[in-house]
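This is the structure I want to talk about, given as structure tokens.
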């Protein structure tokens, strides 16, 4: 029996990050992850994108209506990123500018997160898979109404071939080796994993003696 | 590696909605979703079927016995829909009239929900897949005894090729673009997502100034 | 041993309902009760207040700011109720108009609900107890950040002598006897308890034969 | 400091059991305890009442309407018990026949269970305490809509002086000493505690060798 | 795209039931399903096997040691069934008598349940699939240490091609049509689904008028 | 207002430990705490009793029957402790030898744990309070059927004046000051709190450099 | 009946904040609140203390050992606060310097939070109550091993007269009226309640038009 | 239809155990399994590896930094095992010495556990599958931040062909037949499954008579 399935592994030279509809209004719909944790997860993914210098694309849906504006922190982190305020397409992939921006990067791996998971994440993920992209869903930086809804969304994307991940797994798979930048990855962890910050605080305190 | 799996996407011109056994007695068996939410989910799916003008088929099992009559709201919403009161078949697909009603629509995509999930939804879903239909299960408008039972039912349908969805994902995938009817989709959301109604209330209040 | 503690029982001739800060923005903070249920609970309490003709007082906090406007359904149900838009007082009892409106009713029993529980409900509840009112907290029509927060709020109010209740208990204690208005109480239940509506649907269907 | 509070202990010569509104329709409202367990708890309490020969009083609310008939098992177990089908009083204590039946027993300890907890149990419990009875609430043979509601109901009764118990605690406190009837209590446990039945099965099997 | 996957459907003429290691001692290890429910599920499956006259095979592991004797109810229900007390094989399929007993039935569909899920159920399920049997796992009549363990066991069996089901789904799929025996299936439901018994009690009461 | 309630504080010179019915059979009934944790909690309390040299009294109920023998670890830890195998009394306080053993110590503070909480712990706790003892219940070294049952038991004991504690709180309140025996308390923590052991492992490793 | 219990209300002119043992090592023991939320709660309380200019006292237990150093954020926020590194006393109130620091403030209301709740918070809370202080426990800025442990700790403190609160309730009760500093309280909320920040982001965006 | 998928079964002559990064610091990050249980699971797997004499390989990541040293118990159990302290590679498979150590065993089945699941377990698992190894993940001896993260990690490994197991399933599949060493397997169970120890205690006690 040959079970040797290739490891489709994130490659920092071939990946682009898509942040879909993390808007102030829509965030109030997210109830499968508690708000302190969810906010942290989204910012952790954004910080990781920055740290690895990955091309990052922002998009929003009707940001002048009840859905509200993009999280200001994301705007501030990626001032020069392509920013597609979609005029109506629910599936971001139905927006030509969004797809063009992705294709312009020349990358084949899409790291995607958004709100809500079963729509804003799943639809473009399924479209991208159909076009041959490798899709990595950041499950903990994507949110939706409740756990049942999340479960359905994850199953649909997984069945289509998307890889389910979380921000920390994405960061570690991109980084490969601590020696590439020990302090950089350490800071990313300390800023977004309270338990890890505690470990570092204790460690540094003992080292200082 | 070619992972480019086609995106089997809901198409409002090719879809039919099947509402199976949402009967007053059977609803008391549903305990994997709390009752306020479940009632809302079923009515949201029904409203979506109406909004998108999808052919809709109603069916019940032994409605003159303990299973009880169909939810009156569904009868009222679809007064002219095919209504198959099955004389005994547990799997609705074993009832010729039900299958005929589906085939008469000429549609190839089945959006299905019902009570209880592992029987009234799963059995016709598996039969339909065998006959080549594309099956989309509305997981949150389907209910059953508990989470373990739901999990088993979802796994069996998913393994057979059904796509697991929820009412909101179905509505968004059918709608494609807000511009097709902004107020219509907005009303559907406001009526069935309390958090979304809050967003609209706040937005409208500020706009009115 | 004499344990015969008096039963401080709700009396429809001596009770007033206080709805505190059920505002569109603040509602997005409520995460100890899921939104479909919470919306239903608040409207059930409001319908009960209406059904029993209880004097009802509405108040809001900074409704022109991020807290947002009062739920429109409440405004619509009580168009002539005292409505105190507080200019800044966090504890509604610190607002003279609010207390005056209560005292003007001449009632000694306060039925109170609001958002968030540990502030907008607990503060006036504690103030009212100090002034000798009998306070009945409607716990399921009051919401807050999470279960830990709710637990703390309930303990503090209970320790001060507030009675913890829910909307259905309030309605039943006020009604005393089904014969006072069978259809009225039946409608209240059917509109706000999906399982009870199912019972009535099944019952009516069998009676009709 | 004198903390020596008297132990208000169940006494089989001074206790009466009140089963309030365990009706087929109302049982569908119970969602704070899963149905297999709840049915078992109610029957366990009934079996205990029988085993200890306690006077037992049955009452129902509108049993010819949607609330439905009393659980047939209870009728069958107590064919000669006072049975008060209340014509409308929500609080059973407001029904003179019910109170008379209790007082006719001459007992001062009331063991009470019912559906739903915050109404059918709490109201008569509070009334009885006011009249000087010692009230023992069987919390796991009483059911209601959800855990929040149960929590409110328990707090209110406890604050008034009711003792919160469960059927097993009641049975053990009444029995006092296994030697009063080893086989009797053993059978009660084996019939209603699956884990205890397993212990007895294993034990008997080894003893038989 | 051809998604028309055949529906591998339970057939009462081609199915055999395997009850593996439901022993008094091992049952104390089951903590992923609460004991009242689990006992009910196992007996429901056994009653269904009896009702459909399916050949049923019992097996135990070391029943004279700490694992304890088979649940007496199962012995009593199937006095003439093949009963293989395995002398040591953990995977029942490693026991020749067990496999012979299965093959002697000539059936190709195996309905399997047992304790603990990841060992006593999963191992023979995987062996049977390898030999070409169609395997239907009764997930709610199988128990194990906790939910994480159950999840792992279910995933492994599902990945190998087992179909995950529950006792009610099995019974309904075998029965096909209520008209085959309305009272028989009704009794099975009433005896093992408390909510269904309530529906029947209420229905019968109203019919009797 | 004078709220200055005296702090009833554990005093190692005035406390005795009562371990009630931690028997092999009865332990299988404990389902409100998972088994790895519960076993650890019971042994932690026992080790604390040993560490503080507190007089300790063991008692069992019908240990030659299905309830099974005392946990062997407890027997081994306290070979010379009073050991009362009760011939039938369910409430250990009804057994004269048990009460005599307690009174023989001359201590006024009782630290009590057992299985099951609402019977084997609550009954003697209530009896002891009536006689003027100060009762400290070790809630996490006591177990019962489920969380509802535990909640009822805790409320009843608390209402009577028992103080609810856990093994770690008991140990810390007895120890008062780390300097009384740093290594002793450290070992107790490391042996029974995995997270604390990790802290010590990391600390010692860094200190060793 | 006179139920008019005085409202013991936080007063910014009479309150002091005690932060007990929020140390890097001990924080790894906290498992009743998830880490992102817990860290946020502790910093929110600290920011509130700062905002209201409350005297604040820091204390640690063995900070050079495995318990680890104080959270650096707390040190940074309160550089001039009394800082008592206890040499061994588990109950901070047993340390004279700690009590002196409190008494030096002349305040009678203690707002206390710490790790772990049942020891580092409960012990000084009980001691302070005995001395006549009014104690307000910040339950969500205090953490411990699990929910059972928290429940026991809360019950013990509540029974002694402590008031259970959370950081947001504390802040609102201290502030009294938004008009005292709208922007200040708004910033506190926005920085520590992600849902509130979303409301402000959406509001500001609409206002800016 | 041919569903006869081969059973990829653990074989004690062809399996190696990989324990990845069970380090004192990293263990504080594990929050999807409670600490008493997790510690037990890891030691159970280690004891099983020892019992079956499987070659075992230990590896750590930055053990001199905040991640901390390997659990001392593992070091002590496998003093002569290959021990690869990785200088920086996050995926252990990127470390040549680690892969060499595995290949030197000549085994084709990898039993892997570690901390955290989605990184330290998933990455080498995916790499090993790509190279044709059969991978068995010990899910309950692997830990991570929370259940959502675990779910994502399990899905990714499962989709790639890893088999999800738990320590008890691994031990039973390796052992095959109790008669290979009844006492050995019995001891493994008794030491790591408290319920099983109770069964043995009760059994031995009765046998001794």
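Order as written gives the chain letters A, B, C, D, E, F, G and H; numbering starts at 1 within each chain.
Quick note on the criterion: a contact is a pair of C-beta atoms (placed from the backbone, for glycine too) under 8 Å apart; a residue touches a chain by one contact, two chains touch by 3 or more.
Each chain and its UniProt protein: A, B, C, D, E, F, G, H = Isochorismate family cysteine hydrolase YcaC.
The structure presented is a predicted model; accordingly, all values stated were derived computationally and were not measured.
Note on connectivity: the fewest steps through touching chains from chain F to chain G is 1.
Interface repeat of F-G: among E-F, B-D or A-B, the matching pair is A-B, sharing over half of the residue-numbered contact pairs. The interface with the greater count of contacting C-beta pairs, when B-D is set against B-E, is B-E. Rounded to whole angstrom, the centroid-to-centroid distance between chain D and chain E, based on C-alpha atoms, equals 34 Å. Inter-chain spacing, taken between the CA centroids of chain A and chain C, is 41 Å. Centre-to-centre spacing of chain D and chain H amounts to 49 Å, using the average Cα coordinate of each chain. Computed centre separation for the pair chain C/chain F is 43 angstrom, with centres defined by C-alpha atoms.
The set of chain G residues that touch two or more partner chains comprises 6, 25, 28, 34-35, 68, 193, 195, 198-199, 202-203.
The list of touching chain pairs reads A-B, A-C, A-F, A-G, A-H, B-C, B-D, B-E, B-G, C-D, C-E, C-G, D-E, D-F, D-H, E-F, E-H, F-G, F-H, G-H. Chain contact summary for the complex, chain G toward chain H: residues 28, 31, 34-35, 146.
By the touch rule above, chain G contacts chain C in their complex via residues 1-7, 9, 33, 139-140, 154, 158, 163-166, 168-169, 172-173, 175-180, 182, 193, 195-196, 198-200, 202-203. Residues of chain D touching chain E in their complex: 24-25, 27-28, 34-40, 68-69, 71-72, 193-195, 198-199, 201-202, 205. On the chain C side of its complex with chain G, the touching residues are 6, 8, 25, 28-29, 61-62, 65-68, 87-91, 94, 116, 118-119, 122-123, 126-127, 129-132, 134, 145, 148-149, 151-153, 155-156, 159-161. Taken in their complex, chain C has these residues touching chain E: 199, 202-203, 206-207.
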